[in-house]
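I'd like to ask some things about the structure below.
Going in written order, the chains are labelled A, B, C and D, and every chain counts its residues from 1.
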């Protein structure tokens, strides 16, 4: 079949600018990408199109994102509702497929030179797949890390579809090369999250934090714990694991800020569990404040003053390494990931969690580490995206054989 | 959200047998998997479900496949029409997405222990993605090879989603390990295609071959050429490349059997071009027979007697290495792939193709090579699928650091 | 294109039984169809397949449905997650499309003789469309009524796709004929909801009702109000309308059971509003109990004793006509629908609602009406589905010209 | 769920102009809508967006459409590949669902005031459904007719979703009213096809017609037959019916122009059959020219001079009534449709077809009829679309009871 109209969909003639599509599918990605997006938008040689899909469109707290985006003069070329309800693996898989289907149309219409894929969320692999089939050059941010959960597979599969790699640390760089990527196109730029964290100067007041969420009033000038525990999609016991954490934390009798888990397979039962405790075991949560969402600057400010971060958020590994915040990392989600001294690992055992938190509180803050930090991460990415030669046909580079250190 | 009914979809209680889903999306995969499917079906510890989708359902010559399947007593658990017309990249990408969406439902209903992914067709990555998100153990056949076109990316991305790897040669084994796969789960079993080729004893008569397709009558006892040139989805010039091949072949003034290209992005314009020649340049195709499809045994029999195979089919690399058939491999599609002495590479230049074919005809048949052959490939795969411990959580294995030879 | 495998998907050979597919996409449909499903299942000439999709799979209170279904020995041939999040019109439309896509596969696999479509939910039109394109005979339950919202269009469009019509009242019968349907295939069987209501003998205790939901404890031996206000998808002011009802009801200072709205476009903001009142205006909801879901027998028992039903539920029009419960029907959702004397209509004005409720409480219960009731509704439907000749090619019947009374 | 970004997708601020989306999914619709589209585009109060999907994007002969559209300065807001291969009912149903899914995104982005739905192709109902769920005002062209096949159901279901109706004849007007539509919004404007036919002045030369298609050279100055036989999707015997027509026509030993059937369920086997005759029964088709596509002006010119039109095209009923061309209409596809004296109906019987064609040739051309013609059809539609008050909430109008003549 011939495809007469395919060419008619490029809405605007090429201006000589390099056209970059940036799919954003979660608030977290928007938060960490703010500096990058701003610099891409301001670059004279780049035409930036933001494409929104997935959970970011469903987020009640995303109003400020919309305002940001509009105030920033950004172009949103598509807003695609494609999250299938169910909170289970079937719904997750189908969400990824539908997302890819719709982003295919979006890419077909926008006809970008480069598609930027962030991190390792399941729908980002689907989007990368769509971009690959459309012969687009794919730039991947944060490949090469080792973690637990399905993210581990997703991240490396994206690497094998991507053409340009921005990694956050030397270990990741080595793994991306081992996987056969072209050394000329692998760049260790440091973490965008950490860059954002390094630039947030403002603190947060008690009034500020208490304007978010529900529950116990927090006094940020006094020691408090911060908990973020996301579901691990490859595990069946998410609810029990969450309850073990909750009971361990509760028994410390300290004020707690509990950040609601991300929307993902398994989130539903975790959210149910938290609601259950609030309704039926009020004593267990009496010193807890539950927050579904905070702006990125407030989140960083909380990380800076929290006595300990507990759970399985990547912020414990990345931002907190730079900020020196003590972290008790629970379970498999971040397992194997490069981390600094600020992180203590604990299994899902209540006693082990409790002991680890006590140890971290006793230790207090750590010296900052730069394992995930390079100055000017976002500018480095922009420079490559604006300037490097683009290619689409990949070929496995036998870096080990070629003597490249992997 | 809770998911009350998710568990009700497992139609039959677990019998203690290991349940294996085998998605088949092209006739080629069915052909090369015949021995394997038969052995899986006959294994007392395995419950096999075939799932059909993609181009195999659209294939006019698939009637004998349906008959085979029914005669064989196989269970087809799903037949999913999901090929989107267009013959371009958009249609290809959307086909993959729709395929994955529907196979998600299929996997959810069948609840297999293992999903078997074959090769590197674009929809197989989408199916692998769906299976990965459903926490299924994925077995991948024919990973680790290096080729051109989008297949190169697709193949390695599947590797990074898969848990058990069956590779066809030592180079592929080394690459799969370099990419961080667990050495305990990487098996060099040889090529299923070559195993099938090694077992086809019957020859083919002129009457036999002339019962397929249209055009010039072929005398198989006299030297003839065999041409198979598929589109390369990452290239724009498929039509021109095909015409260069056609003119080169035509100028040799030998009988030619031309096998129609696979359905893929780019096939439409190549098919148009062949039709154009038949209608408007009859002299150029006067000694050519055009066949859209032949059963696998007839195809092998033709490979055994052809004076030279010309084009970019993997059969030139794999089956013909074992059979010793001279091959002129054109362009990027198989570029970088391990090959035996029987293969001469040529660019898309007409003169270069012509010279290469002449050289190969002058040389005649080659000694068989076993680079892609191991005895009992299908049995080896069945043994692993039936017996190995299954896992779902992947973790990058630093094989280089661990001293595993990659 | 030929379709070789299409025929291989009929899983079981025709047994001479008539095969009936019954898609269930909401708990409400399951509730009202219980008697019918049981009789279809028990009929010796019928092979019944239930297909589940849409919100019924997401319903936290659906556990008892799953238990019912399994205990009843029913066959569930498909469980399809296809609700797209967003709670807006885009999500609703896309949910319908995805539902239809997946039910197409389900119908293709099950190959039914008849597909039963219930009511007027948006996804039922999509399913009917899929069935029509597959040349299935479509039986439609509850066509011909006039109401507000998009349901009005959906219901009549389904009528024009359906071949057999089961209507609940004489007005509906007349309209279905006016629309050109074949008089031989239009049956006034009465309402299944009302039949179910007529057969629920058990009452409900205070303990019983207080075991559902959260909030104020209800004493069912004392007068209480029952509120059910669903979003009207064609209106923008659902949140304001809900708040007007809430404030009107609150000012009566009576105990209130508030049943959570159905999942639909607009539900999100209504649920937000209810949560907002609970958190921030506790005084307004101090005598209210909020229940997201009750089993059908408990619901009927509540209707029987409620002092007044307020809102826009079809139960006010149908079940309550038979039960004699006073109803204040608010706004456009049921507008134009045939109703008995028990219904007073009110606009969205707070004062008007208040006055109407007062008037209804003062009046007390009404004499039962049989406008929606015929004895043996479910049996009548089964008899037609089992016995009538089936056809697929429709033709507009000019009933007015033909002298059929419409 | 709230939907923060929903409002950000309206790409351009409302200019005060009425925004009209016009989905075009087949070449036939483009042909008949040319005058209308031009006038809509030129109207100062209207902003027109064309949305392309379905088979029009796959049409090899659509190049001139693309050129037309670009030359005309029209805005194409979406080009959506959504035809699923298979040529059977499953593929047709799924194509409709995918089309609706993608047009939902298109409507969401374009945010039109009115969506124009043409005719009765299966995907148009799906698009209408999407538009209805998005609360758009729907204008339907060519409702109310009676025909055979699934078109009959589709057409009336669209009527029940649409708000503004443009019908081509008085019978249709009466039926649309009987179905409960608002008399103020039903307009008898005549047929756009006939209006186009009435404005084509140019004839066609033998060279002209022979520049299209393959086969026998046609001398248009001598009597020839024109055949167009589409599949009837509700029938199983399309191939046999086509062959009966072919043999009947062949036995007349006259030159024949055979226009290839539309892409639809059943087309594949009909096209196979035609190819089979060309390859294997060359004598039967020796005087036939096969044309897959002709521009609309050439088609009209052929209708004007053909000795008889044979088959089941709506052109026989509509355009030929105005042009006076003798028509033998075969089978159920147009059954029941209002027609003029130029049409003779025949069953699928070869002898009956033959006799009917002979009778029509003997009769010669008929006097023009205006049953489908009103002067200024397209202008009348534009005037209503530009000027009438728009509404979205439908309500069944009891026109019979209200004394409106239906």
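We take it that a residue touches a chain if its C-beta (ideal position, glycine included) is under 8 Å from a C-beta of that chain, and two chains touch if they have at least 3 such contacts.
Please read all numbers here as calculations on a predicted model, not as lab measurements.
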item	value
C-D against B-C, pair bridged by the larger set of C-beta contacts	C-D
Distance-maximising chain from subunit D - centres being C-alpha averages	A
Centre-of-Cα separation between subunit D and subunit B, whole angstrom	42
Averaged-CA centre spacing for the pair subunit D and subunit C, given as whole angstrom	37
Interchain centroid distance [CA atoms averaged], subunit B/subunit C, Å	50
For subunit C, residues that touch 2 or more chains besides their own	1-3, 6, 57-58, 81, 85-86, 88, 90-91, 94, 98, 105, 108
Contacting residues of subunit B [partner subunit C, same complex]	1-6, 8-9, 52, 56-60, 62-63, 65-66, 69-70, 76, 78-81, 102, 105, 108-109
Parts of subunit C lying in touch with subunit D, wherever the complex brings them together	1-3, 6, 85-94, 96-98, 100-101, 104-105, 108, 122, 125-126, 129-130, 132-135, 146, 148-150, 152-154, 156-161, 175, 178-180, 233-234, 265, 268-269, 272, 332, 335-336, 392-396, 398-400, 406
Residues on subunit B engaged by subunit D in the complex (per definition of touch)	57-58, 81-86, 88, 90-91, 94, 98, 214, 279
